[in-house]
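Read from first to last, the chains carry the letters A, B, C and D; within each, the first residue is number 1.
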């Protein structure tokens, strides 16, 4: 069967060939991965709508918009450093994305234990991120007096969008962390090597699951890139 | 046979209903007769397409109804025919769109000599405000609204002093004088709609929308709210009276300005003092 | 190289070359992936309730959607009675607005979307693509149950204090969540929660439909050999996956406004004489989000109907669909354009006036591919051999209705004509014609067509014809007069029918209501027919309509779990080989190899 | 079966990931510095968007393996983004319109 997929034309002629062919439109892409990609496409529209709403609210309000880099500043040994916590959170999330990419690589190479370790690392990175976000929320709510419906710094929508957008992203991260732990356990137990059947779906486990997990996790990182630019840096 | 006949009746019946029934556009009472012309152009073009395609279908149903020994034609596509139909449709669409866009340009371009009139929508009724002698409407803020200041006028804005308040569902307009209606809502969405004027626009709380028109016929016209605004939506009615200049001036002379209203009402002055 | 089924295989990679001409020998493409592992249920619960078989899920979706549609239908009849006979005082204003809202939302989202994509999608996609099941049966099952939950939450809003929301199905803030609207406390919250659940449930199903079409077709089944039904459902599903996010986001933000008092859509405003604590939000933003979902939603309902009609018309006219390629491209182009026309619902919403030019232009451009579809349906009848079966009657009814509703769309898309007509009964008539009656006629046609496939029995044709004539002519008589009410300027969403000072529409109004009652009651014929036929209908022969598409070619009818028995079918041709010259058989199913019909002078495979 | 022929395509030297990882750090640091050094106006926006898209492109191309995927999936994923672009463009114009009517009638006055 190898010769079929190897000789596929590449580039633009590959595009027309794939769409004109039978059976699959995405050659060599397993079902689960295709599904995750399409889901992420849909999810992209969700986050885009959130960010477009943020842009509209911000550009159409006549009340002053709070300066994010001051609001999210952190007092670090007596020095006010703007956006420090956010910067650290960004680094943590990128790090976890890196470990995830490596976990996927080991998954393909069927290095069971290495893969599990890196998945665990990724999960811990995600957990750290969520923890820092929780810290940030409590700080804003209890020390800065920011509420979803109002805040002392300016436009009420600032707080509304902050809690909604980071909350929605944080939910994505949390769900990801839960699945990362599950994946790490499954990998460690060797489910993917023995094709053990899933508890709910009763379908055979497969290392593809790790790559699908990876896609989701990188997407969460990707969204953060945009939130970082549009919410914190604007 | 039966099927084709009934379908034929349905298609032709649509046309018959149009001519037979008395229901049609109300006589236009503003400068937006051009909207009617565009509408009627579209009506006849689309009507012709409806008749043509409908009758063609009926013909096919009758002519090619099932016969045991007939074999249908095998013809997957006909590039030339498809191209022609596409082109024809495209031309038709352009012919409908172009006049529409030209009229739309008129609609969004307010003439310089238009008088501003503010319409305030609330749940569920209408108020109006005229700019007074200076021709400028004072600025407003929802937060200023109180029993004494139902419009939420800014007491510190000198333009608002001579604004004429019409706290009544009736609006008087002078014939042949272009007006720019500034639409403001204090609670929900509303829509200031007078069927005979043709034009309409939503009133959105938190911003001001507008449209303009020139009344061309004297008379009384009903104002309707055309955007669902709550339980009383259907009862949010009013009247526009289009009058000759003399009648209009008489009416205008009876209205009170914001300053007069202030003088009559001490409490509101007190409020203004406190605010300073 | 023999494959796992022992087919004769010619390993030939470049398919493009063989696409246009008939290869001399039966060419079977190489299988690209292993057989789908089937889920087998073990208990009664997992067989009939939590079923993972797409066919069952499709039937479950259809039943739930139909049940909720009956609620929607009843609401509409009650509203019509109130409008025509106000003296009866059947409803009061707030109840009327609640009914309007629930009727709209139920019919658009919970009935038509769920029925076409969840119902027909599940039933037809695996069968027509030649798959054994959807690609993720478990997720598919979850999708249905989340949908059920969404429906239950929606229905629950009838029983909470204050009743369901009366904000209109568009749910425009601020009034959706302020005191002047019925159901502004519990009703709107339940409505939004229900919508969010629907989106979540739908996404699970939608991913299944898309991936099954893209990645799980059988051998030989290229995209350009798919029946147009599948194309319609497929494009609609993609639209849904990209459009529902906007609804989800708008819904979440409105929910936060309602529950937490945030000001996303709430400007400083007054409610019942009290100044609200909100400030700076933009109601128009919600409208943009809503219609960024709402316009594609129209096509989510319409495109599957387009597709199914194309198949019905071809099968029952015994003629290939005219201009298949054009039909496919038209579906795709309509789908793509539907994302950049949304603000034509907002011409008089107070948005930036310059948008009128952009959105009027894009909107009228959609008319071109849509018109082509209509031409092609009618041209399919030309020189056909038309069996006036019940599905065909519904198809003909659809064409008239859609033509009528589609052409009146040109009025509303053209920005200046929309100014006098928007928010009048013209709009009501237009959208009911184009996305109410037209798709429902297709639903009926499809039910009459595929009923034997599901139950193995035929529906009664006589009752079907009676049902068709009352429904079609009656519906036409409901909505055609409404256009004229719209011309007069009668506004929609009025609890009391506004009377023009020039011409009274009272008579017309009573006429409309009487037609509506007749049409509403006529549906009893349909349900009687269905129930009677399920129990003791005439047994259907295999492939009773002599169709070509794969769903009729299963070894057993109704198809069993796994659909295809031992071997998956191999597809050699498009599904429209009717009356092929040089062949005695009137129709050639998709899985008939070229060598079996050697004499065929086929122009297209 | 599916794994075997994928192995050669999607398995890469670990160095690739470490490189990208490093680059993401650097870009993040740069975009942070844009804020820290208080760049304003067009320059700020140009830089923020530049780094944002650079990071997004790296994550999608390398971490999410799009660089090694076939064109079909890349096109299917990226073309729908044009709807988002239209939406953004329209909403920019819309919010400016709203802003100016508010400014004009409620804040500054005519």
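In this section, contacts are C-beta pairs under 8 Å (C-beta built on N, C-alpha and C of every residue); 3 or more make two chains touch, one makes a residue touch a chain.
Only a predicted model underlies this, so the values are computations on that prediction, with no experimental measurement involved.
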{"item": "B-D against A-D, pair bridged by the larger set of C-beta contacts", "value": "A-D"}
{"item": "Whole-Å gap between the CA centroids of subunit B and subunit D", "value": "42"}
{"item": "Whole-Å gap between the CA centroids of subunit A and subunit D", "value": "14"}
{"item": "Whole-Å gap separating subunit A and subunit C, where each centre is the average of the chain's CA atoms", "value": "33"}
{"item": "Mean-CA-position distance for subunit D and subunit C (Å)", "value": "35"}
{"item": "Where subunit A touches two or more other chains at once, by residue number", "value": "1, 5, 8, 19, 25-27, 29, 34, 41, 45, 48-49, 56-57, 60-62"}
{"item": "Where subunit D touches two or more other chains, by residue", "value": "1-2, 80, 87, 91, 94-96, 98, 102, 106-107"}
{"item": "Residue numbers of subunit B (touch at least two other chains)", "value": "141, 206-207, 209"}
{"item": "Listing of all chain pairs that touch each other, if any do", "value": "A-C, A-D, B-C, B-D, C-D"}
{"item": "Interface residues, subunit C side, partner subunit A - complex", "value": "11, 13, 15-16, 19, 29-33, 37, 39, 135-138, 203, 206-208, 210-211, 214-225, 241-246, 248-250, 252-253, 256, 260-264, 277-282, 285, 288-289, 292, 571"}
{"item": "Residue ranges of subunit A touching subunit C (in the complex, touch as defined)", "value": "1, 3-5, 7-8, 16-17, 19-27, 29, 31-32, 34-35, 38-39, 41-43, 45-46, 48-50, 53, 56-57, 60-63, 148-150, 155-157, 160, 164, 168, 200-204"}
{"item": "For the subunit A and subunit D complex, residues of the former touching the latter", "value": "1-2, 5-6, 8, 10-12, 14-15, 18-19, 25-30, 34, 37, 41, 44-45, 48-49, 52, 55-62, 69, 82-83, 87, 90-91, 94-95, 97-98, 100-102, 105, 108-109, 206-208, 211, 214-215, 218-219, 221-222, 225-226, 228-229, 232-234"}
{"item": "Subunit B - residues contacting subunit C, complex", "value": "3, 6-7, 10-11, 14, 17, 21-27, 32, 34-36, 38-39, 42-43, 46-47, 49-50, 53-54, 56-57, 60-61, 64-67, 70-78, 81-82, 85-86, 89-90, 93, 96-97, 100-101, 103-104, 107-108, 122-124, 141-143, 145, 183, 185-189, 191, 193, 195-196, 198-207, 209, 221-222, 224-235"}
{"item": "In the complex with subunit B, residue positions of subunit D that touch it", "value": "98, 101-102, 104-110"}
